[in-house]
Amino acid sequence: MAELKGFVPPLSPEGRSSVVPGPPWHYSGDLLTIEYRAAPGAVGRWLPDPVEPAEDDPDAVAVIFADWQSCSDSFEELLDPVRSQYKEAFAVVRCQYRGQTYSRCVYIWVDKDFAIARGLHQGYPKKLGSIHQTRPHPYGPAPRIEAGARFGATLAAADRRLAQTVVTLREPSETNGFVNAHPMAHHRWLPSIEKDKGLALDELIETGAASFEAGQPWVGEAELALFDAPTEELARLEIREPIAAYYRQVGVVWDGGRLLESGTSGAAAS
Amino acid sequence: MAELKGFVPPLSPEGRSSVVPGPPWHYSGDLLTIEYRAAPGAVGRWLPDPVEPAEDDPDAVAVIFADWQSCSDSFEELLDPVRSQYKEAFAVVRCQYRGQTYSRCVYIWVDKDFAIARGLHQGYPKKLGSIHQTRPHPYGPAPRIEAGARFGATLAAADRRLAQTVVTLREPSETNGFVNAHPMAHHRWLPSIEKDKGLALDELIETGAASFEAGQPWVGEAELALFDAPTEELARLEIREPIAAYYRQVGVVWDGGRLLESGTSGAAAS
Amino acid sequence: MAELKGFVPPLSPEGRSSVVPGPPWHYSGDLLTIEYRAAPGAVGRWLPDPVEPAEDDPDAVAVIFADWQSCSDSFEELLDPVRSQYKEAFAVVRCQYRGQTYSRCVYIWVDKDFAIARGLHQGYPKKLGSIHQTRPHPYGPAPRIEAGARFGATLAAADRRLAQTVVTLREPSETNGFVNAHPMAHHRWLPSIEKDKGLALDELIETGAASFEAGQPWVGEAELALFDAPTEELARLEIREPIAAYYRQVGVVWDGGRLLESGTSGAAAS
Amino acid sequence: MAELKGFVPPLSPEGRSSVVPGPPWHYSGDLLTIEYRAAPGAVGRWLPDPVEPAEDDPDAVAVIFADWQSCSDSFEELLDPVRSQYKEAFAVVRCQYRGQTYSRCVYIWVDKDFAIARGLHQGYPKKLGSIHQTRPHPYGPAPRIEAGARFGATLAAADRRLAQTVVTLREPSETNGFVNAHPMAHHRWLPSIEKDKGLALDELIETGAASFEAGQPWVGEAELALFDAPTEELARLEIREPIAAYYRQVGVVWDGGRLLESGTSGAAAS
């Protein structure tokens, strides 16, 4: 019989068709991170069994915009950049599992299918969106990375604007924030093909970078607005208290994660 | 703990965030179907265990373009049509499993994320593409559905054209073709989050319409061209002998499928 | 010297490059028209010399969504439908010039460049937008054209939703509304390439269909919402009093217009 | 009567609606320039009266990809980056007019409407396209600007790939090439609204940067491929002999041009 190749469907005889080649995946990108506190208890509403709210500062949220170039181990996507460039906007919270603190992505929008496919693998709950983010540049009107520099970013999906921010850099920082600073604890859920039979896949996994390099982070202030939409609940993570905003350029390798447990989330496909 | 709602991620407190609400899913659409024979043995290269080539006419292929409006049981997406309209292009072959003939989609491109999410559930190996298809119209230069009417359709992905066709209708037909005429036998595959641990999900499922209504099919001739691309193998299903082409308007309800078997495909995430 | 060919730039040796071939242009499309009255005097603010407010009902506005297939006299674009299909949303008012009543488009968004190029020629002030409109269909959940049928339509630009409507059909109608029912009186304006030198082109033109065929119009009620945005003033044509809403399928030929006068608008490129 | 404001249509009471605010326009961007020689006499076929082929090396062509952030004098578009970021691909040749050498853009594709509007003003014959270009980055797999760095770029329009290149940097260079190094001599053409009445606007203009800053140019080698398409003639500027390829980051201000002459091109809207 046929031996099909590829990391994810479509599998095919030569294995060229897979939406994305298998890991390791390499990334160059710019991160704009806005941290704030939501209402007491707000974040807990997004944390299913067996993950629990973080003990310290449980309602901290990071809204992150990222402008990426990514590739597989062949690096060939970089030279056909429609296959390597994408942007994303996501919301990260912290949670606790077996005494450890994890980060956890509760919303994420991207603008390419290979990014959706990777998210499916890594437990990022990806949708398509339209994301834009000011880029630093050494000449002309675009900002340098320096005190007073201003970066804007916006997110839309289904022809509605969902989020927008303007970040003003103040000074170099020791950190790039604390909310998205842990390994990720994500669920991978897929409903059974048969109705009312629950989940066919229900895994809690841990995922994080295999290697990481980065430039000087900068800290500053952000204006951030989240807008409601019929098919989104991001705006329910209402902004009660701004924390800070960060800008950082990074290089990342991702190369697989770890299964924590399976079949225990109690989430029902409904 | 939080009870999260929704059919697929992102699950959320109110369940509004799911990329797509759960079935039943309702569809109105126009199908342009081009059938041809590939080289002897060609189709078998896409059929992994435990499915086998069809006994009769095993190398028949249908390339299908479809222009859809779809919605959940609330019908609300129809009134916010960015959430209901999408187009797709796909390639279907026939196969055999436990003595029964099935149809099987080996490639499919769509232009919306909710369609990707449904495909993931139903075992359609979806990618994003740009699809266009002539629509019938009662006035002006667009074709009526009648003898001599011509419909064009094109598919591109990653900024490369992958397929194009022009179909000329000849006469009403008793069928809408024979390749996409069976229940679908699809695999649902997802690699383990841990490297080199094989598949976390490996299911063979059966899926098909819960109900179906349709207009008069028309049959005619097609010019069809498939183009090669670095990340596609569609053109390897080379056109050796045209069979026929069809046009039909349909209404479909999809409401779940059936698990045939699990863990047996031998496909490896590589 | 070279003789360049084509209707509009890029002109080229063979004349294939023009963004759009020259007229006649043929259209098949579906129109969703929502008429309302804005505040007294509101429309007049969009009417420069030498056009004046209509005498009768001067603040009537039509917001129109249209789903088109169009082509040149070769009809070839219909078979490569990425070159023929487009959608648009526009706002039309009435005005008066030399004792005659004209319709006039004050805003219009389209989703293809060939439509922008035609608009430039015809004096339609076109921008790019994302437009969606429910289509009638004989099967499945999409509406038939009949009493009680509901059609939604939305407009977004620069990742912000600008307008949305839901129209419910009530009964066949003798008209398709009265605001967009006259020849169009449009300006064609282009600033001088030299700063502060005013306009290089300043024409008032008349334009309308060379031929027209259409189905039965239907009348009904609309919910219509217009949203503000930093780069749009459409929402300033505030809805004070709904008039009616219409649905109609049409076939149109456009084949040139007529120069009314030139150099008199007093508009300054500022 | 109403005084309408704005640089280009739609003019409006507040002047916010104009597709693009008036100049000066500020740009930050990365340029990838590939120079080659076409067949003897090839370039002359694109040069209408009164411009003539350059005396020296008349068939040199530059295909240029550019990744821009641009804004008006308010700089506000930079913070709503969907309104400032765009990409373009264009072909430039040289010509001669009244004894002076000019550069001249014969094809250009962009991905935003504000860029189309600026091109219309400046005589760039713009179409919509999909353009991608590798970006330099200090971390991860994307290239630094250094010897051996490789940058890819692609252009598609109407769902067909029209051009692709991979440039490998070799060493710092004294120039960024010679083809796009002169003031531009462009035509601004618009047909009469009345059929067979020729051009309503027929201007030869000179345009160039009001100010310019830039980083170190790099020179290297390129693979460049141009693909044919039914609506493009770019591939007719066939590559006979590669010259060199360049990479440079620039900051530019544009603030108006100069009318050279009017009504003399002899081009006919056909």
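Order of writing sets the labels: A, B, C and D. Residues in every chain begin at 1.
Here is the rule we use: contacts are C-beta pairs under 8 Å (C-beta built on N, C-alpha and C of every residue); 3 or more make two chains touch, one makes a residue touch a chain.
Small disclaimer: the values here were computed from a predicted structure and weren't measured.
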Farthest from subunit C in C-alpha centre terms, which chain would that be?
A
Degree value of the rotation bringing subunit C onto subunit D, based on Cα positions, nearest 5
180
CA centroid of subunit A to CA centroid of subunit B, Å:
29
Measuring centre to centre with CA averages, how many angstrom lie between subunit B and subunit D?
40
Distance in whole angstrom between the CA centres of subunit B and subunit C is 36
Note: subunit D residues in touch with at least two other chains are 80, 82, 130, 132, 154, 159
Complex contacts: residues of subunit D adjacent to subunit C
1-17, 19, 22-23, 44-49, 52, 76, 80, 82-83, 106-108, 112-113, 116, 120-123, 125-128, 158-159, 187-195, 200-201, 203, 205, 207, 230-234, 236, 255-259, 266-267, 269-270
Would you tell me which residues of subunit D are touching subunit B in their complex?
130, 132, 154, 156, 159-161
Using the touch rule from the top, collect the residues of subunit B that touch subunit C in their complex.
26-29, 69-71, 75, 78-82, 84-85, 130, 132-135, 137-143, 150-154, 164, 166, 213-215, 249-252
